[in-house]
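In what follows, structures are represented as structure tokens.
Shared between the two complexes below is chain A, which pairs with chain B and chain C, respectively.
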Partner chain A sequence: MIETILNVVVDGLLIGGIYALIAVGLSLQYGVAKVLNIAHGEFIMLGGFITWTSYKVFGINPLLSVAICGPLIFVLGFVLHLALFKRIRMTSETEGAFEGNSMLACFGLMFIIQNVAILIWGAGIKGYSYLGFPVSFGGGAVFPANRLTTLAVAVIICIVFYLFLSRSHMGKGIRAAAQDPDTAQLVGVDINRVLALCFGFGALMAGLAGTLVSMCYKVEPTMGLEYTIIAIIVVVLGGMGSILGSFLGGILLGLIGSLVSHIEPGLTLASFYLIFMILLLVKPTGIFGK
Partner chain B sequence: MLKVENIQAFYGKIQVLRDVNLDINQGELVALVGANGAGKTTLLNTISGLMPKASGSVKFLEKSIDNLLPSQIVEMGFSHIPEGRKLFSGMSVRENLEMGAYPKRAWKKREETLREIYNLFPILEERSAQFASTLSGGQQQMLAMGRGLMSKPRLCAIDEPSNGLAPMAVLELFKIISSLRDQGVTVLLIEQNVKQTLEIADRAYVLENGRVVLEGSSGELLESDHIRKAYMGL
Partner chain C sequence: MILKSKRLFYLLCLLLFLLIMLLSPLYTSDYFLILVSNILMYIVLTVSWTIFSGPTGYISLAPAAFFGIGIYTSAIMGSQFSLPVILATGAAAAFCCALLVGMVTLRLQGIYFTIFTFGLVELLGEVVQWWEVNVTGTTGRIVPGTEYTTVYYTMLGIAVVLMLTAYIIKHSRYGLALQSIGEYEEAAGHTGVNVTALKIVSFAVSALFMGACGVIMATRWTYIDPSIAFNPLFSFLPVLMAIFGGVAHLFGPVIGAVIFSYLEEFLTTQFPYYYMLIFGVILVIAIVYLPTGLTGLIRKLGGRLRRRHANT
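So, the complex of A and B:
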């Protein structure tokens, strides 16, 4: 019994770390930059394929490709915001119109990125094995080392980002813009830069999550959507615009998923949707939201 | 120092500013008074770059600021202290003040400036670790002003600071505002509280339905029949 509980909890934490990372990313893009990025999962997929390529083709250790994948995808997100979403924002009459228009643009982006990925890597499933050996916990619970590593890396990335937000000049600007964009501008925050940074950081988190995902699971060009949906559910669960809420929400959803899949694996995604719908009806501000 | 020429602005199809002109010289405390809905806040928003204007031009320190972002205008030394305080409620008093020093030129000197602000508003030092939302109305306004001054502005535009405050708090606040002018900060004070405002201002503009209907020294305006009838109930 204790072994089962330990299994379910650790398993939940392991996947929850990745959920937390992708949800913090989406929270920056949707909560601050107001772009509901339907293509969020595609950045995860890109991260996965870049890691796969650098390992299989160039022999670079998947953990080190965090340093390749991160900057590359950050720049992609940053430029994408300046070239696309900033313009949509300027031509949209209201904030509501911008949310709608940018979401539609993300839909297009999703297919473009998927098709480009198919052109480069083909439509098939790719994978590699890395740190596959088991690590045993007391009581007979055994987990593969790569999954334990992903949790550690995900938590480290979230902590580093949290410190960046609370301590650095730029991080303070982002927090101010998240709370009140107009007033942030009045104290000297360049809003266009902050929004592009937030979109870039959101993409970066997704890309790094992709690196971590590829260390444990297979990658394929159409893998993104499931992660996008999970990220949206976690952001709503944690409360819109709350970075800490998204982090805790990710861990919580991981635990719930692990518990449900222990009982009936086929119901995991369905249980997420159920939670999502109940939440929208009962507490649309999220459990950690105000 | 600040020169506003022929500004027109619209909300949708409704015109809210008609040919507004405004001129502020260095070292002055100039008031912009008028009733609710006269267009005072809109005028300030078009100057500080938050809201687009249909036509007209604004010069600050002899340079056109028409195409600048609000952040660039702050960097030049124009500080807009918004109506309704607009504090960052999820941040402490101290963090709010630090946010005010966000422009690069002010960020380096923020510890030093913070000292000055704490001297001007000692209550903010006592409450420095508290969340901004736990302060009283008067203290919140002081925090909003302190935050606005943290950028070391040359011109400080203060929008409706007396709004919602008790008479004693207004008195204290207006004393501080006139002391700002004495310290060399040029002030544009936007107010509905016409009598008290004219008592501390050097000059004033009166805005009605988006148009400047009167301007002059505070002494002249305090004597004017129109002002006495429309704004002081005399």
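So, the complex of A and C:
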């Protein structure tokens, strides 16, 4: 009994770490840049495939490919914002219109990134084994080392990012833009640059999450949408735009998912949707929101 | 006088076009009928999407859900009942589901509503999948097929009724009320529009046609499973087609649907690997450069030409 509980809880924490990382990225894109990035999962997929390629083709350690994957995907996100969303923001009359239009543009991006990935890597499933040896806990629970590593890395990335937001000068600019873009601009924040940075950082976190995902699970070009949906659910769960809420929400959803899949594996995703819909109806500002 | 004769001319053109459509099975190939049925399906999905989402600006990603409900109604009732009964049931099921969804979700503001409707498609797909695997013990179902001409005529019938409904709604006071909701919801409420009821009913009416469309398409596909019936693409494509064509005018979504469904036919046969990629590129370009759609662009160009004409 205790063994089962421990198994479910640790398993939930392990997957929850990745959910948290993904959700913090989306929260940054939606909370500050106001782009509900439906293509978020595609950046995770890209991260996974870049890591796979660098490990299988160039023999680079997956943990080190964080340094390759991160900057590449950051630049991609940054440029995408400047090329696309900045223009949509200029031409949209209201904030609501911008949210709708940018979300639809993200659907387009989703198709584009997914199909470019299929053209490059093929439609098949890819995987590699890394740090697959078991680590034993007290009470008889055993977990593979790679999943423990991903949790540690995910938490470290979130903490570093939290410190960056709360301590650095640029982080202050981002927080100002999140609260009130117009006033932030008045006090000297280059709003277009900050929004593009936010979108880039969001993509970066998705990319790093992709690296971590590829260390434990198989990757394929169509894997993105599932992660996008999970990220959206977590962001709503934690309250739109709240970084800490997204982090806690990710861990919470991981625990719920682990519990449901222990009872009835086929209904994990359905239970996520159900929670999500109930939440939207009862408290759309999220359980940690104001 | 000029206005009246112009309207009469348009009406005659439409009737003539309809007559050609009605007679076309007599002198065309099966391939043509299938192609046109497919185009009609996208027209129905797109125009019915526009009834609600066009004027109000609430972007619904639920078409696939209602379409899928129609498909499953067809699969479950297929062998025991006649087509009109199944059509009515499928449409009614989608209508009731939309009423229910509308009642709980239309209080949500813009983007939340969109996410919710998208979640609905995935939820229905997952639950049906689970049900089929664990309760009925199957993954797919065989739907009794019908003849191409039956599919064609039914689809044409649905499309004609839909166009009439959309036209009547658009030119009635309800159409104006929906428009005012899209422009300023609070103000619309203050001027005496029953905002909630109107949103729910128009959402349900649009779902009705999607359900009927699903019923008839299932008989053409003959095999269905949850991933075919609740394919999110049937939510994205109508939105893309409507926005590409422009939602301000009734013919915008029709033009968008015709162009894109033909493009789909062309691309899937000629460039199967680039098909979705090209779709994505067109969607992004349409959003960035054509926010009012093709009809908006044509109107703008027309206005410019007329002005130049007046100047000279």
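Here is the rule we use: the second predicted complex is superposed on the first by the 290 of 290 C-alpha atoms of A that agree within 3 Å, B and C clash if a C-alpha of one lies under 4 Å from a C-alpha of the other, contacts with A are read in each partner's own complex, and residues count from 1 in each chain.
To be clear about the criterion, contacts are C-beta pairs under 8 Å (C-beta built on N, C-alpha and C of every residue); 3 or more make two chains touch, one makes a residue touch a chain.
Worth saying up front: this structure is predicted, and the values here are computed from it rather than measured.
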{"item": "Fit or clash between chain C and chain B when superposed on chain A", "value": "fit"}
{"item": "Chain B versus chain C as contact partner of A:110, first or second or both or neither", "value": "second"}
{"item": "Touched partner set for A:229, first chain B, second chain C, both or neither", "value": "second"}
{"item": "For chain A as apex, the angle formed with chain B and chain C - C-alpha centres, to the nearest 10 degrees", "value": "90"}
{"item": "Touched chain A residues, chain B compared with chain C", "value": "C"}
{"item": "Contacts of A:189 with chain B and chain C, given as first, second, both or neither", "value": "first"}
{"item": "First, second, both or neither for A:273, with chain B first and chain C second", "value": "second"}
{"item": "Touching partner for A:82 - first (chain B), second (chain C), both, neither", "value": "neither"}
{"item": "First (chain B), second (chain C), both or neither touched by A:173", "value": "first"}
{"item": "First (chain B), second (chain C), both or neither touched by A:256", "value": "neither"}
{"item": "Overlay on shared chain A, then closest C-alpha pair between chain B and chain C (Å)", "value": "13"}
{"item": "Residues on chain C engaged by chain A in the complex (per definition of touch)", "value": "57, 59, 104-105, 108, 110-112, 114-116, 119-120, 122-123, 126-127, 129-130, 133-134, 232, 236, 239-240, 243, 273-274, 276-277, 279-284, 287-288, 291"}
{"item": "Sites on chain A touched by chain B in the complex", "value": "169, 172-173, 175-176, 179-180, 182-192"}
{"item": "Contact footprint of chain C on chain A as seen in their complex", "value": "36, 84, 87-88, 91-92, 96-97, 99-101, 103-105, 107-112, 114-116, 118-119, 225, 229, 232-233, 236, 266-267, 269-270, 273-274, 276-277, 280-281, 284"}
{"item": "Chain A partner contacts - residues on chain B that touch it in the complex", "value": "48-50, 69-72, 74-75, 79-82, 86, 88-91, 95, 98-100, 102-103, 106-107, 147, 151"}
